[in-house]
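Here come two complexes built around chain A, the first alongside chain B, the second alongside chain C.
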Partner chain A sequence: MIEQTKQNNLIKTLLYILTIILVLAVLKLPSNIVHVLILVFFYAYVSTAWDILGGYAGQMSFGHSLFIGVGAYTSTLLLLRLGITPWIGLFVSGLIALVIGAFMGFLCFRSNITGFYFALVTIVFVEISRYLSLGFEWTGAAKGLYIPYKGNNISNLQFDSKYMYFYVIFAMYIGILILYKAIMKSKSGFYFLAIRENEEAAESIGINTYKYKMLATIISSFLVGVAGSFWAQYITFIDPYTMFDFMLSVQIIFFAVAGGRGTLFGPLVGAALFVPLSEGLRTMMGRIAGINILVYGIILILILRFMPDGIFVWVKDRLKNLSHGR
Partner chain B sequence: MTLLTVENMSKNFSGLKAVTDLSLTVEEGQICGLIGPNGAGKTTTFNLITGFLPVSAGKIFFDKTEITGLESHKICDIGLTRTFQHAQPFRGLSVHDNVLTGSFLRNKKRKDAEKITDDALDMVKMYEKRNKLTKDLTIGETKRLEIARALATGPKMLLLDEVMAGLTLVEVDEIIQLIFELRDSRGITFMLIEHVMRAVMSLSDKVVVLQHGVKIAEGTPAEVAANEKVIEAYLGEDENIA
Partner chain C sequence: MLKVENISAGYGKIEVIQDINIEVEEGEMVALVGANGAGKSTLINTVSGILKPTKGNIVFMGENIIGHEPHDIVNKGLIQIPEGRQLFGDMTVEENLLMGATSPEGKKFKDETLEYVYNLFPRLLERKRQISKTLSGGEQQMIAVGRALMLKPKLLICDEISLGLAPIVVADMFNIISGLNKEGLTILLIEQNVKRSLAISKRAYVIENGKIVLHGLSNDIKDDPYIKQAYLGL
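Our next item is the complex of A and B:
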């Protein structure tokens, strides 16, 4: 027991040091590396948000790009059509995503649609949203929306250098970690787990499974909505095909599952390993279209075969065995 | 005081009558055995009372409140909790966390919930095994875990579905002791579905006998054991159970 606390403290200290080094190093790193780091933390954030619903409460959403798209469109439209600052946009995006998530949850969970059927409904929502955003000139239709650069200004959430974006998404990631950890320790967290493991047994001990599935859905959709509007600010161009994208939804799941579903750092581990890999593959073998998806597929099969609980859990178990002298 | 009242309850599964016109009452502090041959409708009765299945007809009252048609979690909230015939622990969670999940029902704060959890684990003598994973438990331990988890919800009444099936003689005796203890120290009322006759006979203040979804007898264990209908239908014509 004492050994373990010691080990945990050591890991914690290491994490803090790494964090500080990272935060300082970003200032000196070339901008393409900073870009990859932004991607890593963006995906780590979104996968963690997905994990609250998918990994913790066990409701497999295959449509989380829906909330990225909704968030991106909400803040961008507010900015372009009404001139509202993206800082307010971030929050409104979260709220709109929350409302849509709640609607989706209401449709599914009220009539006991779970598992595969829930996954299908979430995919349908993404498809509908894509066609809706394609259909209106007001949302930019197929041309998409472009956010004009108005100078390095924090109130516009626009910066002339990448590292500021990194600090924003990094802070958001730290925020979601704290929230995730608080959920893990709370009544709601245990209720989510109970629902994931056995809904009938959960009902039998007084858990309102409908209410807690809804809670997981709205927390998750709100958080992803916020990330969507950050994403729009960063890439400054959004269109229906890149936002309401099925592959984007799959990636979000992939990072969480590969890293470790239902664990604090699983999504980060997944994103930190596979985002650079995917970016590297794209630059090195860009001529072979879809090579990164092919590699993803192979790796996913290998991980599910040899580390079904994800890399994070696998490594943790190895470390535990080592410290027990086995 | 009457704690549980079932009035003319029926359940049809598309034509098949699983339970027909069942009425029964359980007094506060009583231990009521529910017995009958396989397929008599015992587990269905539990599912109906706890809201896991909707009734086709009839009414159910618990603690002066009508609970017919209420959702299961609300029924548990009022104080009526059940266990399952096939134990259903939360597989990915430790013994402690399984019970903690139950404790949260009446304790919003983690600290209070932890206290209830330790207490419930202690009660079923599982405290030493609290860090084990549920997959590493024996059948007997899994059943005790289910009781602890139900206990942690602070019930007025527990419905135990074949909690002694598959246990050794020693384990059966331990569970019998535990049920008496819970009744005497916590005032919990029990209804149990049980095939282990020794347990039913020694525990029950009252026994209800079902056959083909119909109540064929009710009374003290001795009365039921002497009832000709019961002997014929359930225990076999020539057997003497006493």
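Our next item is the complex of A and C:
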């Protein structure tokens, strides 16, 4: 037991040191590497948010790009049409995503649509949103929306160097970690787990499964909505095909599942391993279109076969066995 | 305590149970017996609010509970041990039990009830840190009973608690249930094991094809020629 805490403290200290090094190193790193780091933490953030619903409460959403898209469009439209700062947009995006998430949850959970059927409904929501955003000139239709550069200014959430974006998304990621941990320890977290483990049993001991599934959905959709706004600010161009993208939803799930579903650091592990891999593959073998998706597929099959609980859990178990001398 | 009046219910257009009347008095142990597909589970799911009846009333402690949500009904003290145990397989024994202490009433007496459950099933105390799905069928059934007791039931509905257990474990389980009843807990026993449930209950209802075909004192039913032939194989 004492060995265990010692080991945990060591790991914790290492994590803090790594964090500090990372935060300082970003200032000196070349911008293409900072870009990859931003991607890593963006995906880690979104996957963690997905994991609250998909990993922790066990409701497999295949449509989380919906909330990225909604967030991106909300803040961008507020900025372009009404001149409202993205900082407020960030929050409003979260709220709108929450409302849409609540509507989706209401439709599904009220009539007991779960599992595969829930997954299908979430996919349909993404498809509908894409066609809606394609259909109106007001939302930029197929041309998409472009956020003009207005100078390096924190109130516009626009910077001329990448590292500022890194700090923003990094802070967001730390925030979501704290929140995730709080949820894990809370009564609601316990209920989420009960619902994932056995919904019938959860119902039989008096848990309002509808209420807690809704709660997980709205927390998750709010958080992803906020990330969508950040994303739009960072890439400064959004269109229906890249935002309401089914593959984007799959990637979000992929990082969480590969890293470790229902764990604190699983999504980060997944994103930290596979975002650089995918970026690398794209630059090195860019001529072979879709090679990164092919490699993803193969890796996913291997992980599910050999580490069904994800890389994070697999490594943790090995470490535990090692310290017990087995 | 529980009064089921003229309840009809089913799935879609198919009516599984028709005009069921059942009554359970405080402190009683009542058995509801019947073969597979007779409508026992449909009736119980209707009582616990999972299924909405097409007609009839269900009165629990003087209050009509038709239209109430399942969690609401649980909080009123009508607790069901679901068929097939339905544990949280990856949680430990103690975690499973503590999951039961979620109702307001259960929370209040959490520590006392936990001790009570461990007294009732010393086996669970020995294994409280073990992952529940690694336990034997009988032990898992103990967890399911314990978890239900953690909710401080006023009426406990046991849905097929002898299902899939070894005969000797079945006998133990029925003894435990019988003991709980002697301590004053009202119990509605849903069973396929007709012989044993008639032996420990005071009154019984026999359900066939969605209708109550016979009810009365368990002792009388045991001697009913039809029951003897159809259920007891005598």
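Assume the second predicted complex is superposed on the first by the 326 of 326 C-alpha atoms of A that agree within 3 Å, B and C clash if a C-alpha of one lies under 4 Å from a C-alpha of the other, contacts with A are read in each partner's own complex, and residues count from 1 in each chain.
Here, a contact is a pair of C-beta atoms (placed from the backbone, for glycine too) under 8 Å apart; a residue touches a chain by one contact, two chains touch by 3 or more.
Everything quoted here is computed from the prediction, not taken from an experiment.
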Clash or fit (per the criteria above) of chain B with chain C on chain A: clash
Which superposed partner A:S186 touches (first chain B, second chain C, both, neither): first
Partner chain(s) touched by A:A194 [first = chain B, second = chain C, both, neither]: both
First, second, both or neither for A:S204, with chain B first and chain C second: both
Dominant contact partner of chain A by residue count, chain C or chain B: B
Chain B and chain C footprints on chain A, overlapping residues: 190-191, 193-194, 197-198, 200-201, 203-209
Residue ranges of chain A touching chain B (in the complex, touch as defined): 185-187, 190-191, 193-194, 196-198, 200-209
List of chain C residues in touch with chain A within their complex: 48, 50, 69-71, 74-75, 79-82, 86-91, 99-100, 102-103, 147-148, 151
Touch list for chain B against partner chain A, complex: 50, 52, 71-74, 76-77, 81-84, 88-93, 97, 100-102, 104-105, 108, 110, 113, 149-150, 152-153
Complex contacts: residues of chain A adjacent to chain C: 190-191, 193-194, 197-198, 200-201, 203-210
